[in-house]
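Below, chain A partners chain B and then partners chain C, in two separate complexes.
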Partner chain A sequence: MVKTRKTKIFIFTFLFIPVIHLLVFSYIPIITNIYLSFTNYNGVNPPKWVGLRNYERLFTDPQYIKLFRNCLWYMLVAVPQLIFAFVLAVFVNGKFRGINFFKGILIIPYLLNGVIISTIFIIFFNNSGTLNSILRAIGLGGLAQQWLHNLRLVNPSIASISIWRYYGLNFLMFFGGLQAIPAELYEAAAIDGCTKLQEIRYISIPSIVHILFINVLLSISGSIQVFEIPYIMMNGANGTATPVIQIQQSAFAEGRVGFAAALSILVFIIVVIAVSLQKVFDKRGDISQ
Partner chain B sequence: MRIKKLLAILTAVLMIVSLAGCVAEDSKTSHGSTGTTGGTKVTDPSSLKGTTIRVYTHMGQRVLGEEKKDEHGNTYRDVENTAFLKYLAEDFTNETGINVELIVVTNEEELRPYFQVKDDIVDVYTCPNWSLEEWKAYAEPYCTLEEGIELYGEYAKAMPNVDGYIYSIMPGRAYNQAVVYNEEVIKAAGYDEIPATLEEFNNMCEKIKSMGITPISLHRVENWPLATVQDFAIYVSGNPTVFAECLKTENPFSETSPFGKTIKIYTEWKARGFFEPEVYTDFGVAMDSVAYGKAAMMLFGSWVVPQIQGRVPDGKDPSIIKFAPAPDFGAGRYVLAAPADNWAISKFSKNKEAARMFIEYIANDAEFIANSGFIANKKGVKPIVPELYSIIDEMVAAGKCQVILQPPNDENALNNQRVLEEAGLYADYKYVGLLFDALDVTKPNDWTAYNKQVEVQNQLYARYKKELGVEWKD
Partner chain C sequence: MIRESRLYRVLRYAFLIMACIFVIVPIIPLVFMAFKTGSEYSSTSVLVPPQNWLNFYNFKYALRVGNLGKALFNTAVILAVSLSIQLLLTTMVSYVLHRFEFRGRKIIYTLFALTMFIPVVTTQTVVFQIVYRMGLVNKMPSVILLYSGVNIVGIYIMFNQLGSIPKELDESALIDGASYYRIFGSIILPLMKPACTTLLIINGIGYYNDFYIPNLYLRKNIQTFTVALHKFFGNTATPFEIVAAAILLGIVPIMIVFLFLQRYIFYGLAGAVKS
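Entry: the complex of A and B
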């Protein structure tokens, strides 16, 4: 179809706004941020070029290396989170009465506001809170801990909240994938004498492996961007600071905007890698289907 | 079809115009005079009638009222008896015709974005913990240092001042960072007053702890309570410039240095279980615990006394909340006197004259300042001295303690601050917080992580001190 001049103007006019929006609110800030990451900008005085000093600091100061170590806990808890979500999806795969209600219940934690979740779990992990009270009530008082004060337990404790918060979302993704598997495959497997475990191993898992990888990559990018829960619960104190908490504190409390920019670029790179891999696996999943 | 096209193009044009409004312009900068006269002077007050000024304050309890609990345990705000700033603002409006909009912020970090984009939405603000660079960048010079000294005496030197101008006026004076305690609790532990020596103080804390009560309430979830350590270092050393004198040593965080020694004392208290088990609580919870006798004391300034007194449960006398100097750590018993209550005019305000009138109104209101827990310090204003101050004055007169005036921010103090900023340790009192957090309260005898953190911080300090090329100057 030959586009008339008028049509071209029309198209251009409508494209102009989103492109300007993208430039002004995405690309230019990113480029500015990259520039600032090589300066000592403090938000007040003009930025001064310092080269790689901010990045050098990030990779050599134990205080900042620990931020990424803390993220590892959030990545680690993704393993039981995904296993639990997958097992749940397999168990409820099928049509039965109340399935939608059940799905609705499972997604509620994901829909809750982070402030509410933090408040709930501050009480949950309190020394005399829900968890310790339950342990004492069932005769396991010896396992009661100072969950938020023990330096070895505070990060796993806070990270474990992600299991409760996100397993519902993972479940829905797995469930959707399982529902898309043709029933004939299961019928054929049953005819061939496959056990339930064999069906899961040879039919269910291969069919949704790309969803699994996507969830893993989402967990990686999500764990590097953790902010609200450790911030609201602990303000990043007691060794719970994460990269995004440090970015916020460096930029707005410490006045080290250049350093915050460098850290945010590092986080950005990690997230971009994770998202790119996710897209690759997503494509492969489409192709294999 | 034509109409549709026209509508579409019009919509596109409107969106372009709205985007253009996002472009920052300096047209928002204020028109106030910031020349060598040191701030805007009020010309004709009557011409300001009808103006509205926005006052941003973190002192929520003085605007909304103190949080209290009724007989059923429900929390409510005692507006009638404690919303002093609200009533002051109403009186100011009645007298001058200038309207005052009070906005409560959780902390000063919420204001920074406004100043960074030069927004004129803020006229007056309270802000206790900014760097001098930020004061100069975001606040209007209030008066010259000489004018400040003439009106407020030596306390003016401790107000935020840069290049001979004071940027934030502090119309009250207070005793900082000592012991605010619940008299009933320490009496139950067998003590009539806060002990004079550190050893006795620790013994008292052990006794209180054995009673199942928290000896010292420290709400660690926010970092500003750790500022106490900076002032306590003055008591530990008897030297008002001890913080700046970190520049004299390569190991300011080691126990051999008075500053490092103070942080160690604090952390030892943590190891001994003197702080609440849930140390990552907020300020309100900490005050409540002292008011209700669940904790014996807080290590804060006199300004917190009225706030805790306001939370004492019904049926109890609020005067059970008292104030005492910190114990003698070995260099004498001291209490730090400092100017109090930062009030500043935003550099980008369009109502600087009205803003100044409001601050002057506060500075002249001895009752408001006393209700806030301070003593009015402006020349010509008859101060109302709260009882807690007269107790300190009596102790000083009897030679039981000495008053140290908070030192001004001289070049050494600023250089020390710069080194700590470069090391990423200054903001949020990380130079204390990271050490405090390094001790695992579940392993109180294991100081390995603490000692390692001391080493790390000393190395960072030495490195950036060398990089910045700063040294102590006599």
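Entry: the complex of A and C
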């Protein structure tokens, strides 16, 4: 335990600014938000207590239930996204000719921002865009669709962009996990005459299964926070709004800060659940090692 | 090492080539488009290459109209200032929390760790009011302020590095009469360079690409690169081949950075995952 005055002053000077920043921009806002979610605050007049009315609207108005239904599409596409990233990590893990070339190409989407990706996929999904042109070129013109204007297709279409955008991050995490496996394990397996497939089945997969689980929960918590792609591409139109788009709309365009706060708290609760599960599992992974 | 069978190697290349096609195909029409003339754009398929690869008209137009150069400069300023502050604060917090036992240490550490549960998007209704009352909305310091905070990922990365710096080093310097500030500045900080590089890359890419915060706080006068691109993109009067050129220009800076830092990005990120 620290005793001297000098040391205490040192600790204080090093912690003061970061802790104040933390309180002012994270804890005070989230606590204030909990309070505001029970009021009709509009950003100007003093807030008035309305009880659970904001939450009631969120749970009963189909318009707002749809916001969360849209998130389900983003969770769904996480399945092929994670499988793709995993297979990629297994294949890239090793020594072979052209490895740096492949890594360089495969990392590109991770480096691009939401505006760039939105533009790329506007071109991709447009009526005379990339996807339809390719379908027509290979004789499948019958499958060409108005991807962004068909109300049934628009959400799965833009949600699938997440695969392209985020697989790189999952891939890097899996790759990091595979690189952390001690080389002796592979050597021992080689001596035992283990095949590549067995190696993947009995060494690679068990070693990174906890990273897979973390990625699943990251995807869930990410799905609930989707904002950029539907906002930039569609401005939330055609039923593509997500909870975060609605928060921004309600709080900053309509002045319904109390309602936006309630929606924020709901998103917050879902994220808390996802991240807690992740922590619980992470701890177990540590113990087993 | 286990011998990779011929079939496995063939499978690997087949899969990787398919993956590269999956990545590249959506980007190609954008590249084509950026070099097409207006009439060419409206008359040819997106899959057809431009007639003249040396047609730079769209790029010149985008640079002149879109304020992109200025926006890129703003982004560079914001990144330089906020990443420097964040790096300094993160190393300071991590050093104190890692090396000293004091009352409240656990509480402070937990406060930082629990921010994982508080996504940025759930607090902006209130944070906006705070920033507004500070008079910073539509001014660069608003974004810098929000970007400068210490986050738990940074602390993890620093802890990892601090664990490999022997405590005897601090202690012997203390016996030699150095102050804690001195020990931090001339012994610890230089040894934390690798961790700092990792943090710089992760948050550098994140902040460079961030759209949410600058879109909320910088609506007038000052724009970051992503916001300027978005304004450009959202303006329906702008011909789309010009937008394509602007977007392509937007890809260039990050690709250049990537080419120089490729090694660090790969192993830095993978290493951060490991820790």
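We adopt the following convention: the second predicted complex is superposed on the first by the 266 of 289 C-alpha atoms of A that agree within 3 Å, B and C clash if a C-alpha of one lies under 4 Å from a C-alpha of the other, contacts with A are read in each partner's own complex, and residues count from 1 in each chain.
One rule holds for everything that comes next: a residue touches a chain if its C-beta (ideal position, glycine included) is under 8 Å from a C-beta of that chain, and two chains touch if they have at least 3 such contacts.
Keep in mind the model is a prediction, meaning the values are calculated, not measured.
Student: Have a look at where A:L172 lands relative to chain B and chain C in the superposition and call it first, second, both or neither.
Tutor: In the superposition, A:L172 contacts chain C only.
Student: Tell me which partner A:G43 touches in the superposition: chain B (first), chain C (second), both or neither.
Tutor: In the superposed model, A:G43 contacts both chain B and chain C.
Student: Once chain A of both complexes is superposed, is A:I83 in touch with chain B (first), chain C (second), both, or neither?
Tutor: neither
Student: Could you tell me if A:V24 is touching chain B, chain C, both of them or neither one (first, second, both, neither)?
Tutor: After superposing on A, A:V24 lies in contact with both chain B and chain C.
Student: In the superposed arrangement, which partner chain does A:N238 touch: chain B (first), chain C (second), both, or neither?
Tutor: After superposing on A, A:N238 lies in contact with chain B but is clear of chain C.
Student: Identify the partner contact of A:H149: answer first if only chain B is touched, second if only chain C is, both if each is, neither if none is.
Tutor: Touch status of A:H149: first partner only.
Student: Just chain B (first), just chain C (second), both, or neither: which does A:L140 touch?
Tutor: neither
Student: Tell me which of chain B and chain C touches more residues of chain A.
Tutor: Answer, by number of touched residues of chain A: C.
Student: A:C194 contacts which: chain B (first), chain C (second), both, neither?
Tutor: So A:C194 only meets chain C here.
Student: Quick check for you: in the superposed arrangement, does A:V280 touch first (chain B), second (chain C), both or neither?
Tutor: Touch partners of A:V280: none, neither chain B nor chain C.
Student: Per the definitions at the top, what is the overlap between the chain A residues touching chain B and those touching chain C?
Tutor: 10, 14, 17, 21, 24, 43, 126, 252
Student: Mind listing the chain B positions that touch chain A in their complex?
Tutor: It comes out as residues 5, 8-9, 12, 15-16, 19, 22, 109, 112-113, 116, 131, 133-134, 137, 220-223, 277-280, 421, 424, 426-428, 433-434, 437, 440-442, 449, 456, 460.
Student: Given the complex with chain B, which residues does chain A contribute to the contact?
Tutor: The touching residues are 10, 13-14, 16-17, 20-21, 24, 42-45, 57, 61-63, 126-127, 145-146, 148-152, 233-235, 237-239, 249-250, 252-256, 259.
Student: With touch defined as at the start, can you tell me which chain C residues reach chain A in the complex?
Tutor: 1-5, 8-9, 11-12, 15-16, 19-20, 22-30, 33, 45-47, 89-90, 92-93, 95-96, 100-103, 108, 111-112, 115-119, 121-130, 145-146, 148-150, 179-181, 184, 205, 208-212, 216, 225-226, 229-230, 233, 243-244, 247, 250-251, 254-255, 258, 262, 265-266, 269-274
Student: Within the complex, which stretch of chain A touches chain C?
Tutor: Per the stated touch rule, the residues are 1-2, 6-8, 10-11, 14-15, 17-19, 21-30, 32-33, 36, 43, 84, 87-88, 91-92, 94, 96, 100, 102-116, 118-121, 123-124, 126, 128-130, 133-134, 137, 164, 172-173, 175-177, 179-180, 186-187, 189-190, 194-197, 199, 211, 221, 225, 227-228, 232, 244, 247-248, 251-252, 257, 260-261, 264-265, 267-268, 271-272, 275-276.
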